[in-house]
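Listed after this line are the structures, all set down as structure tokens.
Below, chain A partners chain B and then partners chain C, in two separate complexes.
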Partner chain A sequence: MKESYFLGIDIGSTTSKCILLNSQREIIGSSLVSAGTGTTGPQKAYEDILEKANLTAGDISFTVATGYGRIMFTEANDEMSELSCHAKGVHHIFPDVHTIIDIGGQDAKVISINDAGKVINFVMNDKCAAGTGRFLDVMATILQININDLEIHAREAVRPAKISSTCTVFAESEVISQLSSGENVNNIVAGICESVAGRVASLAKRVGIKEEICMSGGVAKNGGVRDAMSKSLGAKLQYSPKAQYMGALGAALFAYDKLNI
Partner chain B sequence: MTKVNELLEQFHKVAVSPEEQLKSYLSQGRKVVACVPVYTPEELIHSMNLVPFGAWGAEIEVREAKKYFPAFICSILQTTLEMGITGKYDGISAIVIPSLCDSLKCLGENWKYGVPNIPFIPMTYPQNRNNDNGRAFTKAGYLRVIDDLEKITGKKFSEAELAKSNKVYNLHNQAMRRLSDVLVEYPWISASQRNDIFKSAYYMTKEEHTTLVNQLMDLLLEMPKETSNMKKIITTGIIADSRDLLTIIGENDMQIVGDDIAHESRQYRTDVNESKDALEGLADKFSRMDNCSVLYDVDKKRGDYIAEMAKRTGADGVVVVMTKFCDPEEFDYPIMKKKFDAAGIPSVLIEVDMQMNNYEQARTALQTFKDMLN
Partner chain C sequence: MSEEVIKKPKYVEDPNSAKSKLNKITSDHYSNLWMAKEKGEMIGWCASNFPQEIFETLGLTVCYPENQAAAIAARGAGEKMCLISEGDGYSNDICAYARVSLAYAKIKDAPEQNMPQPDYLLCCNNICNTMIKWYENLSVELNIPLVLIDIPFNPDYNPSKAEVEYVKNQFLEAIKQLEKITGKTWSDEKFKEVMEISNRTSRAWLKATNFTKNTPSPLNGFDLLNHMAVAVCARGKIEAAEAFELLAEEYEKAVQEGTSTFRAEEKHRLMFEGIACWPHLRVTATELKSRGINMVATIYADAFGFIYDDLDGLIEAYCNVPNAMNLEHARDKRVAIAKNTKAEALLVHTNRSCKLWSGFMYEMSRQIGEACEIPVASFDGDQADPRNFSEAQYATRVQALTEIMESNKGGK
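Showing the complex of A and B:
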């Protein structure tokens, strides 16, 4: 009997991620391209995962797209919101998680799920880059630090600097002022991480925190933000190295459900 | 069916092109008075043979109004002022602006300087409205409006004419309340079409609008009622007339089965007691209005009111359409949310303003909400 394959693609504002499942719901492939909606990134991520799995589009039984660019992705059979997909993906990996904090390239979301993994409440940030991956990008550029090194600098900090959590533009000015007054870069980076965490933690408190808590999305890769978030919430966080793929995983699981439930 | 569609199209045309309605009234030699939200005593204006004309802003870019308003103020008022400054209301005899929130008070003062060619008439309401002093205060406010209208338009006020107008408005209220219930049985009428019917009421005389609404209901009731698998929702907020938002509601298979929108059903909940003297009756009507963010309520009953509406209509959930920077609505929200949660009614908050050109976040939130309800 021919094997069935199920694909989830999460097209965000800055990255495109794919997850491929087999008929046993096992992850058999993943791809990530650092280009999101409105670019060639989604197509590249899609072609990449097929090529790596030695499959063609015709071999895929069902594809679900999610993320900001989900509507425009014509190869998908269906599309679902990224909140539902993150909930599905995280619940699959961490069945005891009840609160998901998903910080992506340009927005942040907090999702409350029940024991069955169903979304029961959620909140999204407003249209502001503060508290998102974009905020970290801007700050890393000002500090001339590789975004992936923010975590190392944050963990070296002695006394995190105070950075506004309200507005990226104001925060940018604050960082420049801190630099010109001679503040240590590690302290500034830790302050930036606390700023992101503080803003999103306040969103999380609006939904109501129920443990266990998990961080997903690209910003979850940053240990500095994870540490600051854990401190802000006063709770330990679950984290998967595949945090950035949780939306794509959820989409792939929904694709599986479409033909198997 | 053809006639129903014709009526729906008629409501749509009026709702999307109020400027044509304004031109039409002015060309007939009618004098028109703009009525700013949330509650302006339209009955008074109507009784003086003037045309009350809704001024709830529009989806336009704000440029000139920024000279008078800070950025953090609701877009309904910013765009209303913008329309005044840019001549969209030219030909209108006066504008009545009530005092029901701090931003409205600012609009009145800014209007005097920004739009000097259209006189501003303030309508000052009391906070504590439901007692003898409150009713006397409201009546005094109405007398001030009457006095200004007489001076500006040359028209004369009479209690007898107001009594007639109170009856016209009561009949319209009753028709609109009934409409909301009738539409539940016809889910193929979209959220946008429902809004067209409510919105057009602001740009037509109430006699005209009542006639059309009753015609529509009569035609609908001759048709078989329909059931659907759409998710039933209650909407709440100040205004929910964005075409994009309403389209997204439809795309997500949601049907509005009731609303607590100030621009829609909140206007029609309370009738004038026609057994009272006309002006006393109008003040008494305001004193009995309730469950609204701009009407002082120490008990904060609005959440219970909506929860009860959800139960009565069999709604699956509540969509809170939050007008950005509307303090009264933002103050009400956490209290309402607790009530919805306690009643086991799922809810979602969608933030809107009249200068949004991207509704993708709202789309994601509503799509997720639909998943929650499934």
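Showing the complex of A and C:
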């Protein structure tokens, strides 16, 4: 019998991620392109995963899109919100998780799920970019540090600097003045991570924290933010190296459900 | 073969329908204002929750800057007006209704919704304290008298006798001030008549709005946002009472016949908290409708339904408007509405204009969600400044709420 394939694509503000499942719901492929909605990124990520799996679009039984670009992606059979998809993806990997903290490029969300992985409630950041991946991008640029190296710097900090969590623009000028006054870069990076964590931790407290807790989304890759978040919440965090793919995984699982439930 | 072009028949509104009558009251409200101004009558600008019984009894002609600002914002000129006020030094953190109104007082023309310039001002702060500074500034800028009734925010569950007494004395003083300003005379007989009509209008309004408890609801909840203008500006007029009674009759008939003004299948029922996001009304309403979500619950229905037996009761009603009551009272009222209407989720408009309303909203919505066991989501927006809203963020939150509601019903 011909194998069935299910594809999830998470089109965010800064990246496009795909996950491919087989009929046993096993992950058999993934792709990530550092370009999000409104760019060629989604199409590239889609073509990339098909090419790597040696498949064509016609081989895919069902595709679900999620993320801010979900509506515009015409290859998908259906679309779901990233809230539902992150919950689905995380529950699949960590069945004991009840609170998901997802920080993406332009938003942060905290999702409360029950034992069955069903979303009970959620809370998202307001319009401001503070507490999101975009905030870290801006800060890394000012500090002339590769975004992937923020973790190394944060972990070498002696005394994290105090950085405002109110506004990205204010925080940017604060970082510049900290640099001007000779503050150690590691301390500034740790302060930036604490700023993001503090803002999102207050969102998490608003929706109510029930352990276990997991971080997903691109920012979860940053160990500095994970450490600061764990400290802010006074709890350990679950983390998967595939954290950035949780939305795409959830979308792929929904795609599977569409034809199998 | 030539293709026959089938033209859709043009929609003609039934002039005897409640909607038509209510729309006429609103349009007459503005045309009567201009006629009064032309005849040399004095015009008042009035806060929406100022006791309208006073000027109805005195026979004064007033209009409402809040209604005007909402209309201007809904018709796309909110940002233009806000920028004028901001150019004059008003912070963009100030209420956008105030910014629109202060701009209008300056430029005196807004094709989206014009109204005559005022000769006096009637302010009441039971809706918010920004109102006082807004009206004080109008008074100074336009050099016209201001009548203020101070109804402070009530930290207790219900107004005390002392508060009622405090407000009643101001109510009586306001009558004297207005007699002096306008030369009109107070009549106790007329006051009784106005109170009766106002109660009748309020009862009919509350009866009509209560039909959203039916499943499916005979009305699209967004209809109430339009009809509310009449509840604000014509509560003391017999035509308003009759139109709302007719509206209630129509809804009753619709329930029996299984029809609705909600032009989609009602799959989900939602409580909407906060004022409408007027600059993006179509987007916010369409996103809900496209997902089969009907807004069946809103505190607005109660906000302009004043039921009382006598003067003390009237004063107490004005002390008990939604924006003047404490968190516990505000929560209980909303929980009752959500349960009565079987709302399945709560969508909160965090109105950047309104610190008072949005201030305790996080905690209140959390408590409502817990009490009703419904999911809650909030979105940033504004009652008149379009810059505080993001369509994509709104859509994501609404979609996530929809998916939770579907999941709660056993869907995928």
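Definition applied: the second predicted complex is superposed on the first by the 261 of 261 C-alpha atoms of A that agree within 3 Å, B and C clash if a C-alpha of one lies under 4 Å from a C-alpha of the other, contacts with A are read in each partner's own complex, and residues count from 1 in each chain.
Just so we're on the same page, a contact is a pair of C-beta atoms (placed from the backbone, for glycine too) under 8 Å apart; a residue touches a chain by one contact, two chains touch by 3 or more.
Note that the structure is a prediction, hence the values are computed from the model and not measured.
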{"item": "Simultaneous placement of chain C and chain B on chain A, clash or fit", "value": "clash"}
{"item": "First, second, both or neither for A:Asp59, with chain B first and chain C second", "value": "neither"}
{"item": "First, second, both or neither for A:Met80, with chain B first and chain C second", "value": "both"}
{"item": "First, second, both or neither for A:Lys118, with chain B first and chain C second", "value": "both"}
{"item": "More chain A residues in contact - chain B or chain C", "value": "C"}
{"item": "Partner chain in contact with A:Glu47 - chain B first, chain C second, else both or neither", "value": "neither"}
{"item": "Which superposed partner A:Glu156 touches (first chain B, second chain C, both, neither)", "value": "neither"}
{"item": "Touched partner set for A:Lys258, first chain B, second chain C, both or neither", "value": "second"}
{"item": "Doubly contacted chain A residues - partners chain C and chain B", "value": "68, 80-84, 107, 118-120, 122-124, 126-127"}
{"item": "Residues on chain A engaged by chain C in the complex (per definition of touch)", "value": "68, 71, 80-84, 107, 118-124, 126-127, 206, 254, 257-258, 261"}
{"item": "Touch list for chain C against partner chain A, complex", "value": "350, 362, 366, 369, 375-378, 380, 388, 390, 392-393, 395-397, 399-400, 403-404, 407, 412"}
{"item": "Residue numbers on chain A that touch chain B, as the complex places them", "value": "68, 80-84, 107, 118-120, 122-124, 126-127"}
{"item": "Complex contact set, residues of chain B against chain A", "value": "346, 348-349, 351, 360-361, 364-365, 367-368, 371-372"}
